[in-house]
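This report concerns only the one structure given below.
Note that the chains take the letters A, B, C and D in the order they are written out, and that residue 1 is the start of every chain.
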Amino acid sequence: MLIVMKPDATSQDIERVNEEIRRRGWQPNAIPGGTRTAIGITGNKGAVEAEPFRVLPGVADAIPISQPFKLVSREVKPEDTVMQVGNLHLGGNAIHVMAGPCSVETREQIVGTAQAVKKSGATMLRGGAFKPRTSPYEFQGLKNDGLSLLAEARKETGLLVVTEVKDTATLPQVAEVADILQVGARNMQNFSLLEAVGETRKPVLLKRGLSATIKELLMAAEYIVAKGNTRVILCERGIRTFETMTRNTLDLNAVPMLKSLSHLPVWVDPSHGIGVRKAVPAMMRAAIAVGADGLIVEVHPDPPRALSDGHQSLEFSEFDKAMSEVRAIAGALGRDVARLG
Amino acid sequence: MLIVMKPDATSQDIERVNEEIRRRGWQPNAIPGGTRTAIGITGNKGAVEAEPFRVLPGVADAIPISQPFKLVSREVKPEDTVMQVGNLHLGGNAIHVMAGPCSVETREQIVGTAQAVKKSGATMLRGGAFKPRTSPYEFQGLKNDGLSLLAEARKETGLLVVTEVKDTATLPQVAEVADILQVGARNMQNFSLLEAVGETRKPVLLKRGLSATIKELLMAAEYIVAKGNTRVILCERGIRTFETMTRNTLDLNAVPMLKSLSHLPVWVDPSHGIGVRKAVPAMMRAAIAVGADGLIVEVHPDPPRALSDGHQSLEFSEFDKAMSEVRAIAGALGRDVARLG
Amino acid sequence: MLIVMKPDATSQDIERVNEEIRRRGWQPNAIPGGTRTAIGITGNKGAVEAEPFRVLPGVADAIPISQPFKLVSREVKPEDTVMQVGNLHLGGNAIHVMAGPCSVETREQIVGTAQAVKKSGATMLRGGAFKPRTSPYEFQGLKNDGLSLLAEARKETGLLVVTEVKDTATLPQVAEVADILQVGARNMQNFSLLEAVGETRKPVLLKRGLSATIKELLMAAEYIVAKGNTRVILCERGIRTFETMTRNTLDLNAVPMLKSLSHLPVWVDPSHGIGVRKAVPAMMRAAIAVGADGLIVEVHPDPPRALSDGHQSLEFSEFDKAMSEVRAIAGALGRDVARLG
Amino acid sequence: MLIVMKPDATSQDIERVNEEIRRRGWQPNAIPGGTRTAIGITGNKGAVEAEPFRVLPGVADAIPISQPFKLVSREVKPEDTVMQVGNLHLGGNAIHVMAGPCSVETREQIVGTAQAVKKSGATMLRGGAFKPRTSPYEFQGLKNDGLSLLAEARKETGLLVVTEVKDTATLPQVAEVADILQVGARNMQNFSLLEAVGETRKPVLLKRGLSATIKELLMAAEYIVAKGNTRVILCERGIRTFETMTRNTLDLNAVPMLKSLSHLPVWVDPSHGIGVRKAVPAMMRAAIAVGADGLIVEVHPDPPRALSDGHQSLEFSEFDKAMSEVRAIAGALGRDVARLG
């Protein structure tokens, strides 16, 4: 159920609706919009009757929601969510690109990469410190030392930092450094982690699981938003199919589908999406053309020597060239690619 | 094995190589290139020794081919194949768009659509006359009457005609009318049909099967080219995955992979690729951005009343708008979109 | 629409219903059952009104059919189809096993295999003469010579012969020799071939396509039955998934689903279903336990030297041991495994 | 690298090898076998030289391991792992069945179900207390109250209790009650949780992820065993494919593949594997026939009223009948189905 308030509803009217919701043992979730507020109800087990809410002052309508996601849906909030992170505004007309290595390896590597990707037009730096790996015998990241190096690279360049949080135990230390928390594909249905990042007030980049449907991605986002954290970025990063020539199958169909169902920004990870270095720039172009609001790209000073994902990381010069193409396509479609001052 | 001739090899030199191949019970397959000819060997069961060929006059090199496809591969022919069809050149810098209804239904429908899509910038008309359908109780097309209507629409507009050939029995009559023969996804491994279209000298639009790998698509094309028909267009049209919100998962990863492995033109069918009308323009844009050489798009004067595929067919005005975006993106990447005179 | 006749309806009553159906431009399809006849209607585009049929003499009921398959469904014919082929009855309580090499290679190979598998308890011999292959450079079978060798092996052993028909052009010669026509996975939606085998009166073993849904398999069978050939065996042979350790993923779920939806016999091909020789006996056991009515198993006198599919073919002794287990499981479930006299 | 000790190696010899491993900064992992001990090395980044170990006293051989899993592999430990849990021995010739509702709902429901499934031959009770759910608005389980009810049901019946642990935060309380910890499909690559259960000494039932390969399942098990917890049960529960008629596609191919690669017991969950109540018994039979060491089955006193998974839960009488078939098949293959005293 979604309670839509009139444009001239007072904060007193809103509080009255919230009280009625709480009185029934449910939670109200305010979703502020451009011209008016909507209030989602969560915590109800059965159906919610509309009538008792329709008669309250300031209420325009009470709409039963049929889809299993509510707070993230356009039915609840028709306008695009634009979120401020540092000085940047994500989710508006401007496209953002975050770039950097799969894993933070050394000070030189991460600061050098940050400087290079900033010059090419990235506004954010990605880099893994705590790395979930398929085998227990693979490199698991520099952990806290990696976080410190990311902070240093931010200080040097002004780039915002996105890094993955792999469990609730390390969430506090990761959240202290990261500007944006990344939840990885294998954790997309780690519901305890989703709830924990929902309780922080850090923006979250939520990656689609390897075999998650579009609807399941939206429900995973709903877990975060239901805890009060409305700054969620949805990220398509390739799904698992029968095709073996590419690491994953980048499902760009998901971008227009997500944009029509949800008000949240939709990003694309072309590096994991294809997993073949030479083809990453083509997928960057396609992602922008299809309507993505941002890209997350793996870039490394020396891909063949990377400790992880070297086969899909771009060199500085490859990234620079790809960014020109990204700007050309964005321009052709009337969008900007954001740059740092 | 691939015999690469020197740039100054004479036709006598080439014939000498062919004879040596035939003498062993194999078939030579000449692959003419811009500056020199290569000769693929087919019909051999075991390995082919290079030495006996290397010593022949006019031979530059004899290269063992490890991949299961030869004639369609870039190893054999590094330059892009450009094919003339009518007055058009497919496969070069210019992008072509074929558009039209899923099924030919009436004279008014097909001629009207042809005029509209020509005005918006299509150079070819698509329309099904013989329709393979999942259920025996679905509309199976107007058959020969549909072919006649396609021919009429061509006469009225000058658009080239592409239509599907569903079996060897109807191939002669379809080939009489079609400028390009379409082999549908469900027939991609109908090897007898592949051989039959390989024996015509009509260009072939070969659609990827629902669960065909990229390598299998190339081997299907190899069947056609091995019969001497070198004018094959590869077409990505969506694969079958676990996602149910879209009809198929358009695998745009396939485009750069195919372009790097093969010299054949690569096209995309965004209509079947997503199967959701409102999202088709986004996928058209993505296909151009990723590097496709052409598009095949379903357009219908009145989609809700179409006898088949109405849910994924664009109205004239939607197609017209999408074509503007296609031109903008092509322009941003230094490519043209071909138009009829 | 399905017209169900009363148990005491006369053949005149039935003909009267047929006439009413034909008068509307549709086709009647008689489906004889144990106690009464049902008549399926095909060829109708829109809905069929029940009333005009309900009032005819001898009609018990007229039932609208919602599923896209009719003639193959249990709604139309509740009892299991039992079909006579030679002296055998397929589809009843007794389980049948067909075994033999992927390809017919030599007289010694095929006759020797026939004798061995007969001794172990097979009632039918499989062997490919016309082979559809992914690459044009692979062994395509002995063709007509292969058919002759199969006929010879039948003469020597009394085993019935099943062999694949790959196209309509070779159907007449294959149908002359085969006791059962096999339609391969890649041809499951070759609708022209389905119609052609539907016009013969040979039993058909229809294999599920690599990415065909259970519903699509039933609709492919419907194509055959709608042409009047009611002797169709459905065969699960593995589907294509992301798992690469096995050749396919044998979908044994399909067996109980097909058995509940259709009256046709359901068989399993464990050899293609897993593609790993050592694991084939385990899958044979599972197929019998899940309720399959028959098995088709690849057996070769010398698997490592087979011209095709050696990696998944059993040796004679492996097959013999597996057949003992099959009999033990069938017995535990109250079913027999048929043997030749 | 795996160090295989001689049958007569002393514990002093073993300790000497361990020291050499630790001296290099790696961890030794003892894998006790029937006749001799093997020691796996973990924590090494690059290759390990065999020579320095081969010369130590008591060492039979030092074997480079190419597969990305070691401790769980048959190369390291050829004999089946048999684990004692309570008075039961899992992994030997006897098959075990755990049964119970998806979620613990009431005392009456869980105790009643425990009594019924015990009577039919189950040795363990399953029931969810902490439930991970796709949507935040679905029933999340009775949590600690659910654990108490499970303990009560155990006290009443003697059945061992298996229940899911959904995160590290609730692991201590779950481990206090559960005899076996279940790690669910969506957590199969929650590496922090895998490590945490690896640090307990509770047996773990590890379910295969929806899109996890067989190799990835083994690597997930490796995470647990590498922490010193060798009592892991691998559980196939269906993978995600294009087929929509069933909830998942039960991949019974995985059973013989896992049994040949690993010494750990392999179980099957037919309830999630097909998700269709009427077909669950068929899949139970198939799982036993294919070689599974155990089953986990959803049973509920009143499936249509279950708070979760009612569509795939068996009634008591259905389960009882299915268990008879399970015993018949096990008997036919020379295996027992364990019963409580």
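Throughout what follows, contacts are C-beta pairs under 8 Å (C-beta built on N, C-alpha and C of every residue); 3 or more make two chains touch, one makes a residue touch a chain.
Just so we're on the same page, UniProt names per chain: A, B, C, D = 2-keto-3-deoxy-D-arabino-heptulosonate-7-phosphate synthase I beta.
Owing to the predicted nature of the structure, the values given are computational and were not obtained by experimental measurement.
At the chain B-chain C interface, residue numbers used by both copies make up over half of all numbers present, so the two copies contact each other through mostly the same positions. Interface comparison, A-C versus A-B: the pair with the greater number of contacting C-beta pairs is A-B. Centroids built from CA atoms put chain C at 50 Å from chain A. The centroid of the Cα atoms in chain A and the matching centroid in chain B are 38 Å apart. The residues of chain D that reach two or more other chains are 211, 240-242, 244, listed in rising order. If you check the complex, the residues on chain A that touch chain C are 211, 240-242, 244. The touching residues of chain A, when paired with chain D in their complex, are 42-45, 68-69, 132-137, 139, 166-169, 186-187, 189-193, 209-211, 216, 219, 222-223, 226, 240.
Across the complex, chain B is touched by residues 211, 213-215, 239, 241-246, 249-257, 260, 273-274, 276, 278-279, 282-283, 285-291, 325, 328-329, 331-333 of chain A.
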